[in-house]
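Data block below; observations after.
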Amino acid sequence: MPEEVKKKRITDVGPHDYHDYLSPMIKKNYGKWAYHEILDPGTMVHIAENGDKLYTVRMGSPRLVSSSFVRDICDMADKYCGGYLRFTTRNNVEFLLEDEKNVEPLKKDLDKLGYNVGGIGNIVANIVHTQGWVHCHTSASDASGVVKSVMDELYEYFVEEKLPSKVRIAFACCLNMCGSVASSDIAILGTHRKPPKINHERLVNLCEVPSTIAACPTNSIRPEMVGDKKSVRVNEETCVFCGSCYTVCPAMPIADAENDGLSIWVGGKVSNARTKPTFSKLVVPFIPNEPPRWGKAVQAVKTILEAYKKGAEPGERVIEWIERIGWSRFFKITGFEFTKYHVDDFRLAEATMNYSSHARF
Amino acid sequence: MTDETKKKLEDKIIGLVKEYAGKKRFKPIDIVKEMEKEFAAEGVSKEDIKGALKEIMDDGKLVYGYAGGSFLALPE
Amino acid sequence: MGKKHETPLLDELKKGKWISFVKEMERAAEKSERTEDLLGQVEESYRDKITHWKHGGMAGVKGYGAGMVGRFSEFPEKYPGVKECHSIRLNQTSGFFYNSDVLRKLADIADQHAGGLFNFHGSTGDIQILGLTQADAEDLFQKSAELGFDLGGSGSDLRTPSCCVGPARCEFANYDTLQICYDLTHAFQDELHRPSFNYKFKMKFSGCANDCVAAASRSDLAFIGTWQDNIKINQNEVKNYVKKFNVQKYVLDKCPTKCMWFEGENLVIDDSNCVKCMHCINEMPRALKSGDQKGLSILIGAKAPLVTGPRMGMMLIPFYDVHEDSKNDYEWLKGLISNMWEFWDEYGVSRERIGELIARVGLVTFLEGIGLEPTIDMVKEPRSNPFIKFEDEEAGAE
Amino acid sequence: MGKKHETPLLDELKKGKWISFVKEMERAAEKSERTEDLLGQVEESYRDKITHWKHGGMAGVKGYGAGMVGRFSEFPEKYPGVKECHSIRLNQTSGFFYNSDVLRKLADIADQHAGGLFNFHGSTGDIQILGLTQADAEDLFQKSAELGFDLGGSGSDLRTPSCCVGPARCEFANYDTLQICYDLTHAFQDELHRPSFNYKFKMKFSGCANDCVAAASRSDLAFIGTWQDNIKINQNEVKNYVKKFNVQKYVLDKCPTKCMWFEGENLVIDDSNCVKCMHCINEMPRALKSGDQKGLSILIGAKAPLVTGPRMGMMLIPFYDVHEDSKNDYEWLKGLISNMWEFWDEYGVSRERIGELIARVGLVTFLEGIGLEPTIDMVKEPRSNPFIKFEDEEAGAE
Amino acid sequence: MPEEVKKKRITDVGPHDYHDYLSPMIKKNYGKWAYHEILDPGTMVHIAENGDKLYTVRMGSPRLVSSSFVRDICDMADKYCGGYLRFTTRNNVEFLLEDEKNVEPLKKDLDKLGYNVGGIGNIVANIVHTQGWVHCHTSASDASGVVKSVMDELYEYFVEEKLPSKVRIAFACCLNMCGSVASSDIAILGTHRKPPKINHERLVNLCEVPSTIAACPTNSIRPEMVGDKKSVRVNEETCVFCGSCYTVCPAMPIADAENDGLSIWVGGKVSNARTKPTFSKLVVPFIPNEPPRWGKAVQAVKTILEAYKKGAEPGERVIEWIERIGWSRFFKITGFEFTKYHVDDFRLAEATMNYSSHARF
């Protein structure tokens, strides 16, 4: 009997074959698309070599969605596009229509249901983000709430094309950076400012000392005997509050209601178009957590976005704009303060210095 | 690998995890490297050890834990 | 139907024009007591400004070491529905393509065995279903598997590979991102489900240098489509673009190597100096197309900041003709990846991603380890310090 | 007069059009047996492909710890003239200006007390006289000092400062390189002659960003002239240049920040984006001149590769109005330099140049140590890793 | 008596006042120069605000010169420019003439004496260099001989203006780099390829062990007891033959007749004009010493120079040319081989990697 059960159990089947979910027109023109046109921030059309036209209607999503949401979009897909749809790499929903006549009715229906159509072209893209207080144990802030607050404020930039180029915003609730924070046009990062508090009793039972020590980027953890058991000590002079030790050792919690918050970063980019990919750079070292609407953080993002909108030339990503005008002007225009926290002091810090007499006054 | 060696191997792996429970977390790769040395004479290969691990897991004798990296653990 | 928990702070997040995750949670809560309690606990976090999840905890599917993340509430009495509130990762389809039929079935599964809540998708690419207990795991897993949806990665394993929409709906794709993603995921099922690495390993596939799946910044191996020969120019279409916008300023002047110019009305490209950045093609898709000798570049080592700082993918293989290989079921690629894993197994330490290992041992050592020769495209420029490790008398001699 | 030593290999270096150092050595050898033996020993090196000098050795001037480099032959019997073959460094004049009178006197000194051989000049800037013995040192020193030529630096001291030709013969100079070089050298005589540092310390002065004394790559402190206000444009002269060459291509397109353009026939500069690189001024010296608020930038930390790799000077002070200070005898600058030396004394280790110290302790720590605030121009860009060392509750808060 | 002697001894008088050696016209127009014109590679004129004209005739120098050379140039200065002259930062001699009529006669005289007039404008500048076998104990090659051989070969480029921009060549005979090797358009560097040989007997008496250990960039030196005395051991697996240990410890000679030689570097730049200063980068890892004329090294330099001459646009420095065409093309054109030695593996190696998909085929 148990043998039989074992046999029936399905494992290692891997992902479903995507071919099953490609619409007929996509199957036919697979690899044979000729070009595309963006019709409006919610709609684009891909024209195949043979002239076939595939319309895409893109709809915003909070990513954390209910089964009802899923059924809603299924209804729409059934009604307008033979049931075919996809998600984007930034968690938007895309309806794939073969018939142009369905485009406007679909958009109206989505609007009626309260969904947001947009996100194509030179817009603020949907915010790549993470779990936050909804599901993670190491978060220095909530994720979905900050994202919602920012997107409410920047809503017009999702549904209308008003920007010099695409602006990708990302959010991560801790330095693990499960979101694309390390390389986004604007990034918001959950940030601790206090060293971990060690619970020695738990530590000696729960944690492996060598791997806890190895987890620290600044070598701030040293072994320490507590009674006759091996625990650790944190050098608070050098600890940079990264939380890496907590990840490997539950007995070193670092979250701190009063001292956790957000930092803001700009100028990251992943595409190789024109310039090489580059990391996001620090702008605002710290803003306290202000649930439920994170006013100051939202304002900081908006300040950056509007300075960019005003200053950048068409086609310039945020970093291209900043590098053209210079970082000193960026700080001047946005009013953020340049502090000692902005000067890199980690591994490749030396590579970030200004080895020249080039300066702007 | 003979069935006997296989049994020995499995016992050894489970024994190790038991013995060090709460002291050291074994990554599967540690076990594989360790057993490769230990059973070198018996001609046990990396693949054999991985296979044995898979069976131990499938039987629920050990499970995977996670804390900034996966490790082998006793089922709760 | 009254609310189980008052959520005045979260209610603020139902306002505004952007679609509200709180409303989504409430919709799920209508059918799920678990999610009702989840709302309660999150509201409490909003009040306390701190997470209320315990650190980790065991949860999983038998025989698998990956695909589920255990999550336990700090207040199991107050919020019994989230005493256990795990998430499970289902391996998404290549390019995130679905139809309504399968999505409805997945919705049913999430309602039956979890909190009726999804992440479509997780940051790595998985479909995440939230709010299951250990007791739900096997059924949820088996029902999904019956639909053809196996689990994704987690822990020290191969993480769920993912790819851009590629040839399915993009004229820029230089290779079949969907197929290779699908094929390699299937080939490496064992590595995906049974963590046996030093740490996680991610692969992402983008059809061109635009990198729409952000592979270069988020995956240990990033596969970026490119081409080796010349950009194909349709001069008539160029002329049309010239009528529409300032091609000199917005295209030519922004070419990173300034390898394009006009000769009369004709656009000329010095392709030997083109770095395949995609910019000109992006701006004039009707006039310019990538060449015929398409393939991919492989970048290695990207990862998040911990422990040694953020890393971007660095050039490992400037050009590989993946089409050749696909006939052989991507044999060469699989071999290469296996070689890397072996080197990593051998020389990596616990929790060390492959990019960190390469930084530690040096690129050349790594290349020797996996059997590749160094080439100039791997570096921005040759060394500028004179500390050369000559290896024998003849070493380095002209 | 026959040759003392046969030098068939060196003789090869008397051929060719470029002026021959071998001929120069022979000219000196005509008057100096020492230099005859020097030729013999160098020929032997040419044969053996190896140096024939012993490592270092003591030599010096009483009361001074610097200014002479001791050199002893491996073959004192064979080449008695170079048993001792030291070199002495005389502090050159600012801008390397001389007249025939003083040069003749120096030539006499070199003939009388050394091998009649010079380096005009050493890489640091000194006049070097080669081929003296310890016994010659005092006389050579005193005779030079009578001419007003004191010794230069060597060892762990302040090395002889040097400067570009500057305002003496260059329209680009933004401050008086000659005067400041002269003044600071005089102010720091003790530091120059009596080594008391962790290692050497070099200062070089260039009147503008062209950096004709290569300060940015060869001195611990590089003083580079610059200006704070707007470039002065003579539009008529611009028009003349436009007639002569492609100003757009060779000037505007090469401006690093692209902050210049034409409005009609007029050249416009967005000076707030100008980084004072000098390019446009170099190309059109009759049309463009630096602004009225002239001063200098200070770059710190350049040095040769050993021990931690080559370093280029990095921006420490973007703008300092040195003219103001010159009225006060460069008081502020001297204070700043002394502060640096104190920090270096305190925290540096033996044989650690100041650039290496800064790299080790971090720029911010160094700035705090010498009492300067960090500014954005010191860095290429803000940090990209998130490992911020917040210092107190309010730290970093908006 | 001794007191009196002491008093008379002159010390700490510092450098001579440069004002004494400025010609009247320079004194008058100090800081008031308006512009300059390059008349030919040997001559330029600086025009003062008041219209005064100062002619400069530049003459090459081997830097290692005899007292007779010094007297020669004094004679010339007396004859043509009131005795005033200067040296440049690259060791050339400059005659400063107030009277245009003297320019050509001076040049003729110099030519007669066998001196080289040139070095202004877009030329190969005089080679900044060091002591070599003539005076230094750590040299891996001679300095003056290599420089002479290269300048003979490139002579035409000093006396005629044939290049897209200035080319600065530098030479240093060891990794101490007393020449400007780390940042020159083309650089030649004396290079060892064998670890130091330790003479333990001398070492224990002559050297300080801790500072010897500290001198090593690769941590290859470890203390070792020889009998009851402290000596050191070198890890030959990691030693990079830099010679730093020899500098601090005479008992560790590194020069090796069979294995020493030269390496060739390109693309350094110090000026801030247009681009930031940058280091020279490795092209040829090693060429054996070939006294007296160093044929292969000279050829390598010439190959680079001619490729540059052919390929660069007017005004482009070597590095600007290479960065425009790409390093892969540079290696292709010049025929030099890219090897593992070219891949940086030192301190900031990571900063030199190609973090992008940009590549040339």
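Think of it as A, B, C, D and E in the order they're written, each chain with its own count starting at 1.
The rule is short, and it goes like this: a residue touches a chain if its C-beta (ideal position, glycine included) is under 8 Å from a C-beta of that chain, and two chains touch if they have at least 3 such contacts.
Remember, predicted model here, so these are calculated numbers, not experimental data.
When the interfaces A-C and A-D are ranked by C-beta pairs in contact, the top one is A-C. Summary of the copy comparison: rotating chain C onto chain D for the best CA superposition needs 180 degrees, to the nearest 5. Centre-to-centre spacing of chain C and chain E amounts to 49 Å, using the average Cα coordinate of each chain.
The distance from the centre of chain A to the centre of chain B, each centre being the mean of the chain's C-alpha atoms, comes to 38 Å.
With centres set at the average Cα position, the gap from chain D to chain E is 12 Å. Residues of chain A in contact with at least two other chains: 175, 177, 182, 211, 215, 217, 242, 244, 247-248, 250, 258, 268, 272, 277, 279, 346-348, 350, 355-358.
Contact of a single residue of chain C with at least two other chains is seen at positions 56, 63-64, 190, 209, 211, 216, 224, 256, 275-277, 305, 309-310, 312-313, 350-351, 384-387.
For chain B, the set of residues touching two or more other chains reads 58, 67-69. Pairwise, the chains that touch each other are A-B, A-C, A-D, A-E, B-C, C-D, C-E, D-E. Listed in rising order, the residues of chain C touching chain B in the complex are 56, 58, 60, 62-66, 69-70, 154-157, 190, 194-199, 345, 350-351.
Of all the residues in chain A, the ones that touch chain B in their complex are 6, 205-206, 208, 211, 215, 244, 247-250. Chain A makes touch with chain C in their complex at residues 9-18, 20-22, 26, 30-31, 33-36, 46, 54, 56, 60-71, 73-75, 77-78, 83-89, 91, 93, 96, 114-116, 128-130, 132-139, 142, 144-145, 147-149, 151-152, 155, 158, 175-180, 182-183, 211, 214-217, 242, 244, 246-248, 250, 253, 255-258, 260, 268, 270-275, 277-279, 289, 291-293, 314-315, 346-348. The residues of chain A lying in touch with chain D in their complex are 175, 177, 182, 189, 191, 193, 217-218, 238, 240-242, 258-259, 261, 263, 265, 267-268, 279-288, 296, 300, 324-329, 331, 338-347, 349-350, 352-361. Against chain E, the residues of chain A that register as touching in their complex are 272, 276-277, 348, 350-351, 355-358.
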